[in-house]
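Next come two complexes, and both contain chain A; in the first it sits with chain B, in the second with chain C.
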Partner chain A sequence: MRRWRIPAGVWIGGAFLALLAFPLVQRSQYYQHVMVMTMMAAVLASSWNILGGYTGYTSLGHAAFFGLGGYLVALAHNYLGWHPFISTWFLAIVVMAVALLLGWIALRTHGSAFVVVTIAMVFIFRIVALNLGDITNGARGLTQPRPGWGGVQWSPEIIKIPFHYIVLALLCLTVLVSWRIRLSKFGLGLVAIREDEGKAEAVGIDTMVYKVLAFGISAYFVAVAGGIYSYFFTYIDPQFIFNIFTSVTMVLIALLGGRGTLWGPVLGAFIMEPLGDWLVGTFGGTQIHLAVFGAILLGVMLFMPQGILPSLSEIRIRLTRRRGPGLSSG
Partner chain B sequence: MTIPSTHLFIQTLILGVLVGGVYALMASGLTLIFGVMRVINVAHGAFLILGAYFTYWLFTLTGLDPLLSLVITVPLLFAIGWVVQRYLLTRIQNPEQASVLVTFAMAITMEGLMGTVWKTTVRTVRPEYASSVIELANYRLPVTRLAGFAAALVVLILLYIMLQRTNLGRAIRATIQDRNAARLVGVNVEMVAAHTFGIGIATAAAGGSLLSMIYSFNASSQTDWISRILSIIVLGGMGSLPGALLAALVLGVMEQLTAIVITLYWSPIVFYIFLFLTLIIRPQGLMGEVVREKA
Partner chain C sequence: MTRMLQVENITKSFGGIRAVDGCSMAVERGSITGLIGPNGSGKTTLFNLITGFHQPDAGQIRFDDRPIHGLVPSRICHRGIGRTFQITRLFWKMTVLENMIVPVRQVGWRTLFSRGVKEHEEQRALELLALVGLVDYRDEEARKLSFGQQKLLEFAAVLMADPDLILLDEPAGGVNPVMIEKTMEFVEDLNRQGKTFLVVEHNMRLVMDLCQHVIVLDHGQKIGEGEPAVIQNDPIVLEAYLGSTNHAGA
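What follows is the complex of A and B.
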């Protein structure tokens, strides 16, 4: 007897419709805010996963691209009047170009050294943003006008809704690209690099080009999210947006859900982000939430290094195996 | 940009060397740990700050001199490091990949706990001689930095003697050269790893005690310190102790010079620029060998 299973398409479609209807059903500003941040975390983790999950290169530097996207969008808005909802998609291409260049340097290192180099990237960007005071306004940060469209500001009751839909669109695009990459020859090459870079090179994969491209693509969506983020909060400063903690969050979410899987980072975000929000809400003002966050990361690394989704499918395989012989003998 | 006078230049050079000595002590433990275990201990900065806070506590509660407090903080952090290696780091599967994230998680957890216990107020330990200065041939030598340099030198010499003259030291060097060969000739590699981690953390304790009287600090300073000493060991060649000492002096001097020639605000970037340049031009660092990656 085979158990009837709900096809994946139904799950995905249902989740999409639920997210589409969310701000219309849930009118609380607080929950709308948490949902925007959760979907944004899912974008960041999924995008990080294209490099960190598929090729296995752990980058803690993606906060640099998040911040750069945020700054470019804020500057273009303030000086040129470009609307962030449109400009962020184009300015992220600039960030991607920067990422390709930095990736070309950083990806000469492997393993732990790569992690260290990417950490340094975040600090370099922060120091530059702090010191180019004439452009970035230094430590005082940049303020943007209150969000609106065509000269009309959105009223406070509905202000989260446009952000909800643009982040949802970005999330769909990110997952779609991640899925297409996973199925493509390019994606196979990336996974081959993760499994054995030497052998991948030997069978004719130009590993450097593959890695650098993956680095650039995974920086793109992070940069788009950074642009939307800077408009969502209408204020950014270097300490806040070039924050190594942003990178660590991406990694933790991807690891928790399942590194290298398509839906793991999304699942991880829908667990971690509300949890993180609750932690800050409960212990806010103290630094204890930092300790709790670190302890969770430590726990995941030590006891569930594969993440939720791979662990679940392992359990399912074990269960069906156990059931199989039992049926045939009885 | 300002071009400094010869006097200012030499003064800066002296300060750079004094600072570099303390950096060398801080980096020595990190590079030793990497050499033996191939683990980059990202929590090293957090252990430095922990050492600094213990010194601060001893100083404010009992008035113990920060240099004397080494006698207490060094054994204490040795024990903590030993336990962490023995009961936590050995549990990691696939350590070469995962150890950075695990030690990063440790660093965040420690930062959160220290921030909770000691709050976010910036602290510094100020013994009576904190603001005294020795004038030598027209050059000013702050006593705390001089004492810090001297203490760092003593600890480094002790570390050197330990590595060269004792059985443990020989076992550590053997493990750095070839882990499997060391095991074959009867070295208990697991015990060596635990001892090395303990020793590495103990040098961080010593570095932290010196830091506490030269710099002001709070829990979140740990990110600043770990990125400095990481740059040092990358420049020196990861796992190479002489390389780390040389790189610490070079970066100490470069940092002070940048502060004088450009501005104080740009000086931290020196570390990161050097880090990038090293990796592009000479990935094995000044005195290291190419780190072999497991295929």
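What follows is the complex of A and C.
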């Protein structure tokens, strides 16, 4: 069979170039904003996927690392004058260290107990942020100076563009690391843990080290994103940034696109985030977007339980198998 | 012969039940040792204690003269003990080849992020797969294999970690006679190459043919041991399996 197929490299290269050109072509502030948020969602879901997809541990606690990254960056900016675009990469290492410690505790539990423990993490961080008023300014939240560089504030017309490129860079890095992990010994071990953790132990995989490391790495990119996010909005408060809905969104996006696949979380983000924005834009401040997300999740679970990408490749295999014999005999 | 594995006075209770009750036994280096006993006599629990899946309530386990009780299973595997499971456990959605590669021992942080399947590892995996007749299935998901093939794959994968002592939990359970023959040949070959085996098995013909030494458990205790021919006629062993001799004689 001679079916014309576009090589993966062309798809990826094309998408990358399109994203590179996007803010230069699309001058609308609104669409530029949606694109930044979409790529950020792709970062969050891809990073979550390293733990939740490869390793099979469903964490609802990643909003804690998102928020911690946001707070550290905002504090370093306000008190020390560190520019968020630079500091976020380093401060996320601090968040990663915190995640390694928390993971070392939380990953002793499995299944739904792990989910509950990670939910508790988000609430603990929120309570701490609310009550450390001297540092975090409590419920009033933290405000940062308007974005700029070297004492010059970016004008409103171009303000989204620097954010577009830094989030794009972060997205590329996240996907690259996720890809390297998937092809490595480490990734093979993570998938083995997902399949049968006891068996993985029996054949010599130090499951605790693997899991904790996956937890830490997957917290890192979420924390970097949190730092950029706090600067993007120049305002954060505990209710807003330590929000369980942020965690849930990561899970939904990964499930939609294909949990455990490399590109599934990215694809999921590029469907969910613009759709969410459109719904909110069209129907206003109602809760209808939540109902639609619920319906989408239901549909995915019913008709393609593995997510879009795995289901598509399954359909392709089925089609080629069905056509295969007919063509070779004819 | 030297003692490779030594179990000393080991006890393990689950709730009120003493699954293993002050059991002591040893496995000689280079031997194929059988572990038999009626259902519920503690054989699998003993396996789980040796491989670190259970922690003993009391007693010691020594391997190559170093204590191994209290270690996590992966550490014990690194010390050189491999095992199969009574009910075959594989990474079902991973390919046959990947199932072979996962047990390859990794040393150091740098290898952790190196390529998942290396050429020399693949080479060795394919050699072993050829020995068990699974080389054509290398890219199939493990769950698609037949029951007997899955047992062979589990066995072959254990060898990828290059253990010195291999614990087989019912290698012939539910496997057809041809496959049993194949498994026995495989074990004997490896034994000649220097591997030591501890085998739990209910198929008596296999135990008698294969093992040089047999240990009998009942109610979590060792009730006898010796050469297969001797064990076969030991009245205490017969009693454990068939009930009291009075009844059997009547």
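By definition in this document, the second predicted complex is superposed on the first by the 325 of 330 C-alpha atoms of A that agree within 3 Å, B and C clash if a C-alpha of one lies under 4 Å from a C-alpha of the other, contacts with A are read in each partner's own complex, and residues count from 1 in each chain.
Going forward, contacts are C-beta pairs under 8 Å (C-beta built on N, C-alpha and C of every residue); 3 or more make two chains touch, one makes a residue touch a chain.
Just so it is clear, the structure is predicted and the values come from calculations on it, not from any experiment.
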| query | First (chain B), second (chain C), both or neither: which does A:D196 touch? | reply | both
| query | Is A:V251 touching the first partner chain B, the second partner chain C, both, or neither of them? | reply | first
| request: In the overlay, answer first, second, both or neither for which of chain B and chain C A:A120 touches. | output: first
| said: Contact-wise, after the overlay, does A:L188 reach chain B, chain C, both or neither (first, second, both, neither)? | reply: second
| query | Which holds for A:R180: it touches chain B only (first), chain C only (second), both, or neither? | reply | second
| query | Where does A:E314 make contact in the superposed view: on chain B (first), on chain C (second), on both, or on neither? | reply | neither
| field | Shared chain A contacts, counted only where both chain B and chain C touch the same residue | value | 196, 198-199
| Which residues of chain C touch chain A in the complex? | 51-53, 72-75, 77-78, 82-83, 85, 89-94, 98, 101-103, 105-106, 111-117, 157-158, 161
| remark: Interface with chain B, chain A side, in the complex: residues 56, 58, 60, 105-106, 108-113, 115-117, 119-120, 123-124, 127-128, 130-131, 196-199, 244-245, 248, 251, 255, 286-295, 297-298, 301-302, 305
| said: Which residues of chain A touch chain C once you look at their complex with the stated criterion? | reply: 180-181, 183-189, 191-192, 195-196, 198-208
| said: If we count contacts the way the header does, which residues on chain B are in touch with chain A in the complex? | reply: 38-40, 88, 91-94, 96-102, 104-116, 120, 219, 223, 227, 230-231, 234, 238, 263, 265-266, 268-269, 271-273, 275-276, 279-280, 283, 291, 293, 295
